[in-house]
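Quick heads-up: structures coming right below.
Two complexes are shown next, each including chain A; its partner changes from chain B in the first to chain C in the second.
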Partner chain A sequence: MFLIKLLFRNAFRHKLRTALTVLGITIAILAFGLLRTVVSAWYAGVEASSASRLVTRNAISLVFLLPSSYREKIGQIDGVKTVSWGNWFGGIYIDEKNFFPNFAVDPMTYLDLYPEYLLTPDEKKAFVHDRKACVVGSLTARKYGWKLGDTVTLKGTIFPGNWDFVVRGIYRGRDKGTDESQFFFNWEYLNESIKKTSPQRAEQIGFFIVGIKNPDRTAEVAEAIDRSFKNSITETLTETEKAFQMGFVSMTEAIVIAIQLVSFVVIIIIMAVVANTMAMSARERTGEYVVFKTLGFGSYHLVGLIFGESFVITLTGCILGILATFPAAKAFGDAMSTFLPVFFVSPRTIYLDILASIIVATSAAIIPALRVTHIRVAEGLRKIA
Partner chain B sequence: MQVPLPIVRIRGVSKSYQRGSQILPVLQNINFDIAEGEFMALMGPSGSGKSTLLNLIAGIDKADSGSITIGATDIMDLSETELAAWRSTSIGFIFQFYNLIPVLNARENVELPLLLTGLSRKERREHAEMALQAVNLADRMDHYPSELSGGQQQRVAIARAVVTDPLMLVADEPTGDLDRVSARDILDLMCRLNAELGKTIIMVTHDPRAAERAHIIRNLDKGELNNVPDQAPF
Partner chain C sequence: MKIPVAYSFRNLWTRRLTTIFTASGMALVVFVFASILMLAEGLRKTLIDTGSYYNVVVTRKASGSEVQSSIDRLAASVVETQPEIATGPDGRNLVAKELVVLINLQKRGSTKPGQVVIRGVTDTSLIMRPQVKIAEGRLPKPGSYELLAGSSIAKRFQGGGRGERLRFNNREWTIVGVFDAGNTGFNSEIWGDVDQLMQAFRRPAYSSVIFRLSDSSEFSTAKARIEEDPRLALEAKRETQYYADQSAAMSKFLRILGISLTVIFSLGAIIGAMITMYSAVANRTSEIGTLRSLGFQRRNILYAFIMEAMLLGFIGGCTGLFFASFLQLFTISTLNFQTFSELAFSFTLTFPIALNSLLFSLIMGFVGGVLPAVRAAHMNIVDALRAG
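The block that comes next holds the complex of A and B.
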């Protein structure tokens, strides 16, 4: 207890220097935490993927569609439990900057395959039965002030025209990582409208979501689906939902790697700052360490004091940094909700913050501690006499 | 009349330092005893080896040859770790510049060496307070070194030196940084510790007035000890 009190007093002996070092660590941990949260947000779609869902799309590219007749064939393949489908709609709400993902989906099967989108039974019923119904994530609904019963008009880009929808459900995510920014409407509404305006584009599907009975058989079922359409005019590519999502992330992987690198550089910089503080402190206290040794204290006591002081300073900065990360992430997430809809500080980020702080504290204390163990008492006394 | 037993026995002690390729002899074939309860002053010009000899007796440096026996322990046989443990129980140190820990108050500074004993927190506190009372600083226990005068700081250092009830006190120029009045007070205190508690004291000093307060004065010159009576063989 006495030595703990001493190391706390040592840590705050030079108040300005310690305060500036703690501030530096706080900012570094805040920056590290935010950057790691950005990386996590980037992979949110991948993380939220289910092991029991497959995505089947056109083998050439996602921009080419598949015949709607494929759904019956896919449904008959051994191991397939549910087949749902959808099209990327690409609609704009008032202005292009108001981006949110919007899809035409088959309500019944889609909600069956995505239990993480939480709706009340009434909302589900309304979505299934009302052709012009849409279901929207709570994030987007909150952002634009939409309520149940409101009419929302999207301007079609892929499917021209103004499309009116009635908000029949506002879903919440079951899990923290569930994307609450999406907008779904009935695929039949899209298909019937297209039949009237451009019949050649009707009965075309962008992707099938395939629910499988046994997640251990994903590879086998995916292969069976693709084999069924082998050598047809429109061949398919089936992959796990995770791999499908990962395909999007891969396109921007260089950015993610850059962010990760910057987050580590921040930690290395702060490591140098703390090491400098500890080296200065230990050098200033050489005389005191000699006195400790003269009185009979072993090197391990002094090493403990130096490491303890390094940990007190670093963990103080770490705690402040972590506390600052939450409001900062909230503000950042709100500002970036269009691009990073799932933005929250995960426990993993906090663990990484703590781990980084432990590494910083340990690395910063190693050299001063080694120096102290090598101080010879007689020489030290001559220097301070 | 009963002859006091020697608490320090030094036989054939030599010590040299290496500076670059040069070997500088500091102490050469030193022999002397110090009886229990004695107050000895060690004098000599700068560079004569006084502090080196004091360091050897206190177990914070090692001689090149010879033997140093303190009480029943031949400290030349002890490892660095054993020496540290031995110092913590056997030697009380008084430095010229007090060397108190600035972030600890007077009581905590005195309590410091007791951390190496098995005493409880309460016992440590009691011992520290008693030691501070013994040096007439009971009313300054909660003061930090920066709030004390030089003489008061040295009294705290003396309390720290005696708190573990060591075999002897070693003092390196204890009055060297003090004004005349404070120096006299410190020497009075050391004499009192010697007379009342029977503490053996070895004091290195340049000051003849300080040396006069000791029972015995030894002079070191060019690494050799003068005015030493013939020593009995070990």
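The block that comes next holds the complex of A and C.
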């Protein structure tokens, strides 16, 4: 008890310096936490995807489509339970900066495969039966103030023209990591409309989502699907939803790596600041430490004092920083919801925060602690004189 | 009478460990600051060099990019006959009907995919982009399954080098040459004969029509005529503007990231400098008293400490900039999320960036040093002397 009191007294002896150091740590932990949250938001799509769903698309790239007749062929493959399909629509709501992902999907099968999008039975029914219906995530609905029954017009970039939809459902995510920014509408609506305007582009599908009976057989089923279209005019590429999402993320890997690097740099910067504070404190107190030594305290006592003080300062800053991370992440997440729809501070980030501050506290105390253990009593006493 | 700069410098030297800690904190901040500016500059330079002010890109209205656009043959031939189009050395119009699609390729030495632009071009495409030069091999023969790869593709993607083969649409394609397009986005593309590629991908329509203006001031006339033609649903942009729009989101992202990181990091470094300077002042209380009793003014003391802090910032700034300059050896290749295709650009250090970074480090030093310096300057002579 006495020791802890001494540690706190020591730590706050220089109020201004300690306050500044704690503030610096708070800022650093806050920055570190936010950057880690950005990184995990980047991987949110991968985290939220299921291992028991497969994605089949054109082997050349996503720009090319597949004939709609493939859905029957995929359905016949052994191990396949449900087949759903959709197209990336790429519509723009009023202005390009109002971005949210929008897809034309087959309502019944799609909702079957994605139980994490929660809709009431009435909403589900309306989505299936109304050809102009659309379902939006609560994040997007809130952002643009859409309510059930509202008409929403999207401007097509891939499929020209203005497209009208009626909001028939607003879905919520089952889990914290579910993307609540997406927009779905009936694939038949898209298909029937382009049949009239450009018939050669109709009956084409961007991707199939395949639900399988036994999750252990994903690799086998994926291979069976690709094998059945091998050497055809349009070959397919099938992978688990996780791998598919990962493919996207790995294309932007350079950015993620940069953010990760920067998050470590901020920790190194703060390490320098804390180490500096500790070095200064220890230098000033050389005299006291020598007195301790003279009184018979061992080196490990003094080392304990220095380490303890470093931990008191760093952990205070760390706790303040973690507390500040939550409101900051909320504000940042709201501002960036277009780019990163899933944005929350994960427990993992908190653990990393604590780990980082322990490393900072330890490494900051090492040099001063070494100095103290090596100093000779006479030399130290001379220093104060 | 002024306190010499050497006094400030020697003070830093005496307390080396502290100086190193503080300066290295600042160096890291300057490093991050400079590297983000360099990245943004690299992207900007790539965009500027890619487009030509004299070229016009025509795409389908509201499509936003060549990949999403399609122009049927009839519409393309209407665009082809615009009177503003320049004539080439051989008497033909400088216009190219191009196809732009994306294909998945694997990066060298990994299983990671990238999406690469394949551009179907004609012989005029090369004349209109003088920055594209053949570095190795030769041009593809018209009507053959031969391709030309940009140097960044040749380096980074499997099957992209000269003599290597790519397989898509049940056909083998041979890379017969590599082109170097300098610092441009074309380096991240693969070029081939437009007619062959349209057939291979079974695309009946072109993606875009590019033409060169005979007089660059006639752009608005040509644009108005194309966009108001009731037979066409097309839009025209200068090539420079087109490429700037393509990366607007990326530039914005880099800007937001850069500003927020710099602000947060510099707060940390300023606090570091403040701690150092406060302790410098506290340790030298009696020294300050002596200086004052020797006749130095409060002003002189203030200057001396601010000078010391700025010197600290300057050391940090130079170190950070020194390490940042090595980043120029690196190229970043990432997905441009607007076009969904690979774009490579490198860190570019310019004189204004170097100047800004050093200025920034001096400002950090100043802000960190000003409060401690004020405290030093306001010390009472008698109290200060007694403190020793």
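We adopt the following convention: the second predicted complex is superposed on the first by the 378 of 385 C-alpha atoms of A that agree within 3 Å, B and C clash if a C-alpha of one lies under 4 Å from a C-alpha of the other, contacts with A are read in each partner's own complex, and residues count from 1 in each chain.
Just so it is clear, a contact is a pair of C-beta atoms (placed from the backbone, for glycine too) under 8 Å apart; a residue touches a chain by one contact, two chains touch by 3 or more.
Since the structure is predicted, the reported quantities are computational estimates derived from the model, not experimental observations.
Residue contacts after overlaying the shared chain place A:366 against neither chain B nor chain C. Of the two partner chains placed by superposition, only chain C is touched by A:16; chain B is not. In the overlay built on the shared chain, the residue A:297 is in contact with chain B alone; chain C does not reach it. Taking chain A as the reference, the larger set of touched residues comes from C, when chain B and chain C are compared. Look at A:46: by the touch rule set out above, it reaches neither chain B nor chain C. In the superposition on chain A, A:381 makes contact with chain B only, not with chain C. By the document's definition of touching, of the two partners only chain B reaches A:2; chain C does not. Touch criterion met: A:287 reaches chain B, while chain C stays clear of it.
Of the two partner chains placed by the overlay, only chain C lies in contact with A:231; chain B stays clear of it. Contacts of chain A with chain B, set against its contacts with chain C after fitting on chain A, share not one residue. By the touch criterion given at the top, residues 16-17, 20-21, 23-24, 27-28, 30-31, 59-64, 90, 92, 96, 155-158, 160, 200, 231, 233, 235, 237, 247-248, 250-255, 258-259, 262, 265-266, 268-270, 272-273, 275-277, 279-280, 284, 339, 367 of chain A touch chain C in their complex.
Chain B contributes residues 51-52, 55, 58, 60-61, 81, 84-89, 93, 95-97, 99, 101-104, 108, 111-113, 115-116, 121, 124, 160, 172-173 to its touches with chain A in the complex. Note for the complex: chain A touches chain B at residues 1-3, 6, 9-10, 13, 287-288, 291, 293-298, 377-378, 381-382, 384-385. Listed in rising order, the residues of chain C touching chain A in the complex are 17-18, 21-22, 24-25, 28-29, 31-32, 60-64, 67-68, 101-104, 112-115, 168-170, 201-202, 204, 233, 253, 257, 261, 264-265, 267-269, 271-272, 274-276, 278-279, 283, 332-335, 337, 340, 342.
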